[in-house]
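A, B, C and D are the chain letters, set down in written order, and residue numbers restart from 1 in every chain.
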Amino acid sequence: MNIHEYQAAEILAKHGIPVNPGRVASTPEEARDIAAEFGGVVVVKAQVHTGGRGKAGGVKVVKNADEAYEAASNILGMDIKGHTVNKVLIAKGAEIQKEVYVSAVMNRPARKIMIMASAEGGVEIEKVAEENPDAIVTRDADPFAGLHPYQAKEVAFDLKLEPSMVNGFAAIAEKLYNVFMEEDATLVEINPFIINGEGTWQALDSKMSFDDNALYRHPETEKLRDLAEENETELEAKASGISFVKLDGTIGCIVNGAGLSMATLDAVQLAGGEPANFLDVGGGANEEQVTTAFNLVLADPNVKAILINIFGGITRGDVVARGIVAALNNVDVKVPLVVRLSGTNAEEGKALLSEHGITAGDSMDEAAAQVVAAAQA
Amino acid sequence: MSILVNENTRLLVQGITGREGSFHTQQMLEYGTNVVAGVTPGKAGQEVHGVPVFNTVQEAVAATGANASVIYVPAKFSIDAIYEAVDNGIELVVCITEGVPVNDMVAAYHHVKTKGARLIGPNCPGVTTPGKGKIGIMPGFIHAPGKVGVVSRSGTLTYEVVDALTKAGLGQSTVVGIGGDPIIGTSFLDVLELFQNDPETEAIVMIGEIGGDDEEVAARFIKEHVTKPMAGFIAGRTAPPGKRMGHAGAIISGGSGTAAGKIAALEAAGVAVADRMSEIPDLLKAKFTA
Amino acid sequence: MNIHEYQAAEILAKHGIPVNPGRVASTPEEARDIAAEFGGVVVVKAQVHTGGRGKAGGVKVVKNADEAYEAASNILGMDIKGHTVNKVLIAKGAEIQKEVYVSAVMNRPARKIMIMASAEGGVEIEKVAEENPDAIVTRDADPFAGLHPYQAKEVAFDLKLEPSMVNGFAAIAEKLYNVFMEEDATLVEINPFIINGEGTWQALDSKMSFDDNALYRHPETEKLRDLAEENETELEAKASGISFVKLDGTIGCIVNGAGLSMATLDAVQLAGGEPANFLDVGGGANEEQVTTAFNLVLADPNVKAILINIFGGITRGDVVARGIVAALNNVDVKVPLVVRLSGTNAEEGKALLSEHGITAGDSMDEAAAQVVAAAQA
Amino acid sequence: MSILVNENTRLLVQGITGREGSFHTQQMLEYGTNVVAGVTPGKAGQEVHGVPVFNTVQEAVAATGANASVIYVPAKFSIDAIYEAVDNGIELVVCITEGVPVNDMVAAYHHVKTKGARLIGPNCPGVTTPGKGKIGIMPGFIHAPGKVGVVSRSGTLTYEVVDALTKAGLGQSTVVGIGGDPIIGTSFLDVLELFQNDPETEAIVMIGEIGGDDEEVAARFIKEHVTKPMAGFIAGRTAPPGKRMGHAGAIISGGSGTAAGKIAALEAAGVAVADRMSEIPDLLKAKFTA
């Protein structure tokens, strides 16, 4: 789960990390009032769950409240990579004496949490990784004892910070790790992390993502979810225990299992089609789940045909077939439907489907070819 | 021989009185697995399908000599179950549960290593040694005893490939579902090493997917150490970057973890990587005779 | 550092451990008012830093406010093992359905923190250890990950608690461990830990001690220190960086080093005397330290003679001798003084002392014999 | 040979620019110790008595190949210094600092063990191998090279016994002050094992004190494994229960950790336990000829 910059800043501040003062506005008027209150230079920043706001014109430095009004008028409602801007953050202008990048993130190969930093602040870390990988400094936190103070200092010294800046940086890097662990984050990023006009460290822009599997113990984080930023169908799917990811093609897919679902999408593409979605209906594909799955897939007007791909394991093929038949009584499926049913009791399942006029095949590849042909017909 | 599950396996089921635990205990018993004990706190003295239930792993191990365990407890209790198992000397722990918080797995992963135990999963279908026993939730009857070792990050894709192998006359030595989470106890590399050293395994099938770099790490190991013929498949060629594809670990982030990169690495290591799952039996047959 | 029962209860409550409601009173009137407010049966308990209050008559169960007044009148001012009772805790009477003992404490041989529990609640754990050691259940917390929930449950099952009581007990045992670590305690004890009339777990009496070395990060704990409960001389010594422990004999001792100080006390006893104190003057025994040491020792009217035992190491004997001489100018020492000076520059030191009329020997045993003789003279 | 400190010791001083660190660096250099580096964050590039200073242990080890370290940093930074040393491959860490919070030492103790490193202390005077080098704060000149290994929980009592041994013509192989805290990195048992296996050590003196059960544990080890003649002393016969006698670890609690119990255990293991410190040289001479 992602949250907005202004929300991330609030969480960092709560954990004692100094952030640049800012407030969020939903209208140009609010933006003007906040800017007036701050006085002087402010930055108006689009709050959307995507990067590249700057390039898209979603970030403007302005000199006064009237300019803030104007900038907010332009930015609010803007579309940035498919995300509509509903809020802007009005942040005080900061004098930057020094800027670096710092984050806490999983080092997946090491199975440890790491602090990652770069002397090139304000630049996307992926870009630094590509162009100047030696500028990136990392330290893996001890999986048991956490990030040691000496490690935070090592990062600071490796960034070639002046001795006077080291302790301040290290103290905040330690807090960054603590925020990561205590909030069950998957990313906590400060970029740029600056030394301001007063000579102290300050987070100028921050970003946080959370582990969905741990949200049950963070109800206050769950409240930060911005429904406007999330795909409605994906949320609906989640509520029903179905994994759903919206894609851009025309072949709707209903599959049991995440791996098989990915493989089904691949098969569709190899057959010359483009999948409209990833959909893992879960273990027991019963009437209710299949009905929901049909509804999720059919919510997309681009869908021209549907492929159901089931491998009967512990859940038997005939049971799944019964679920499909029952679901078809609940949902009016107007596009062509191709079913592939394999594994346990697949024959019984196919017979059952055939009684209801549905031909089910045994081969994933053939089913993919059929559904692509059906969509193009 | 075979790997992980064999005649000496004495299995303990953690969470045996739950719906999943009870159902799969029956399935495992039917497949011939030596299930010796179950644990559910407060339920000591009960029996589930004839298997005695204990309050703690400690009591269960003392009473039955269990040396392997399978975890069916809910996600929020799984980490504790893993610690309880390995702290009480269980050598092989298979965690089926999906949804375990990933940051909790960091310490648990390293703790298991320190203890010298082996964890499979979490979020995995388990391990099956055809004809000898199964630990987990795999449908037993699709398997056939044989010489092909199978290792996979996905549950249903494991069944898919095992079914295809069996139908093509290629039985399996052991089938290992290592799980779809970002941090799992046992990686491809670990299982490949076991297969390479297992005299009953003569060929290997490896099913990977997008996310992380375990396939790339495995490819380096294969190049240097694996002499047995291998076929493979990587799911998720069509997955867009930044989106989790069902599995918590199946995500392309910052340009790394793509299917293309994994396929290239495996091919460079001499693995025959299939475009379609269905091609795997033939690719393998081209390299070895069962 | 020790605190009172009522303070420990407040800390446990802050960490979410249910405690029996109670309030502290310094006068019988306050005791009566609190009892009246609670209504019904209350317990009036002496608040002193020592055990065995019950046997000494420092704990009374009373039926109403008037009885509480009377009990408080009796208990306040009472002397329990040398501790004067200045406060009483008025606690609500509790119905006890089940009582056990539980604590978190260092398992020193294992170098781990352990949870210790016993089915014999309300009995001193030392007594259980002696008479029925099998009744004691312990589990060492993981030094890195802490006390695991499964361990807390193991303790509960080993105590033969009914299944319905297990989760409640385990949840609180986990909290007990957390209190221990977060508060830098050396002991957190709940005895008895009961199931009350409502069927829920509750701490009826609790005890906490803290690591002096960690108090710097717990200023709020330092505030709980009851100066009336501590030996004034020991506190004064501590403030000067001197380790001092009051004993019951007549030979005052001033020594450099804790081990040598203990050995000096032993030597005094072997020579037939009884030491009046343990005193480690620290590494550099300079004028100021020795002056303070003299004052600390002489504050005890029982002191009949003083033994100074110094082994010159990095700090040279002549420097120490100069400190002694200077200190004697500040303090009027009316009792006989025996000095033993050995190690670095001992000869120079002895010469210097001799110039000021002090004979210093080389042997600890002889010095001990001399000081004992001097005290008896 | 000798134990812990020898010709191959390359010592790093953590906290070298502090008052204690700087003073004892000079003392150690004068005694002939091979001090190769110092660490104080932010002071890289300076020198202390000719010893180069680095910002981190990592840099110091990379530049100088240091393999041992001594810690003079304040108590609140000592745990971090211990982790920094062992995490960077230092094999022997001597922590002089007094006042380290005991609960912090729990994890640090086990971490050091996991890393396979050795920690002496905290709250200890260090280690001296007469004539070869010293790590810590012991006064060097009281020592004489010889064949008696000395191990002690107390600083001044160590000096006292070493001085007495030297004056009695009994030189020392190595002198180890293990420290007076409740949790210390290296126990009597550990050092006794080293002495027993050290060909240059022919007799052993052990100075214990009240509190804990390390002396009792050592006695069991001595009975079974130590063949070299031993004399000992236990301080604190007169200590009242429940009172800390200067050292954080010197406390009799719940009737355990008494001097009487320790003396009885050592005597039962064949150690000649002195009533008076001064008797130790003679007790030892009765058992072995230097």
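In the analysis below, a contact is a pair of C-beta atoms (placed from the backbone, for glycine too) under 8 Å apart; a residue touches a chain by one contact, two chains touch by 3 or more.
These numbers come from a predicted model, not from an experiment.
**Student:** Using each chain's Cα centroid, which is most distant from the centroid of subunit D?
**Tutor:** In terms of C-alpha centroids, the chain at the greatest distance from subunit D is A.
**Student:** Of the pairs C-D and A-D, which shows more C-beta pairs in contact?
**Tutor:** C-D
**Student:** Could you state the distance in Å from the CA-based centre of subunit A to that of subunit B?
**Tutor:** One centre to the other, that is 28 Å.
**Student:** Taking the mean of the C-alpha atoms as each chain's centre, how many Å separate subunit A from subunit D?
**Tutor:** Averaging C-alpha atoms per chain gives centres 54 Å apart.
**Student:** Can you give the whole-Å distance between the Cα centres of subunit B and subunit D?
**Tutor:** Taking the average C-alpha coordinate of subunit B and of subunit D, the gap between them is 49 Å.
**Student:** Would you please write down the residue numbers of subunit C that are in contact with two or more other chains?
**Tutor:** 144-145 - these are the residues of subunit C that touch more than one other chain.
**Student:** Residues touching two or more other chains, restricted to subunit D: which are they?
**Tutor:** In subunit D, residues 107, 111 touch at least two other chains, as defined above.
**Student:** What topology does the chain touch graph have (line, ring, star, complete, other)?
**Tutor:** other
**Student:** Per the touch rule above, enumerate the chain pairs that touch, sorted by label.
**Tutor:** The complete list of chain pairs in contact reads A-B, A-C, A-D, B-C, C-D.
**Student:** Would you mind writing out the residues of subunit B in touch with subunit A in their complex?
**Tutor:** 27, 75-76, 99-107, 109-111, 137-139, 141-142, 152-160, 163, 180, 182-183, 207, 209-210, 212-213, 217, 233, 235-240, 243-248, 250, 254-255, 259, 275-278
**Student:** In the complex, go through subunit A and note every residue touching subunit B.
**Tutor:** My answer: residues 106, 108-109, 111-113, 125-126, 129, 143-144, 180-181, 184-186, 211-214, 216-217, 243, 245, 247, 255-263, 265-270, 275, 278, 280, 311-314, 342-344, 363-365.
**Student:** Okay, in this complex, where on subunit A does subunit D touch?
**Tutor:** That would be residues 142, 144-145, 148-150, 153-154, 157, 163-164, 166-167 of subunit A.
**Student:** Tell me, which parts of subunit A touch subunit C in their complex?
**Tutor:** Per the stated touch rule, the residues are 144-145.
**Student:** Any idea which subunit B residues touch subunit C in the complex?
**Tutor:** Interface residues on subunit B, with respect to subunit C: 41-44, 55-59, 77, 80-81, 83-84, 87, 107, 111.
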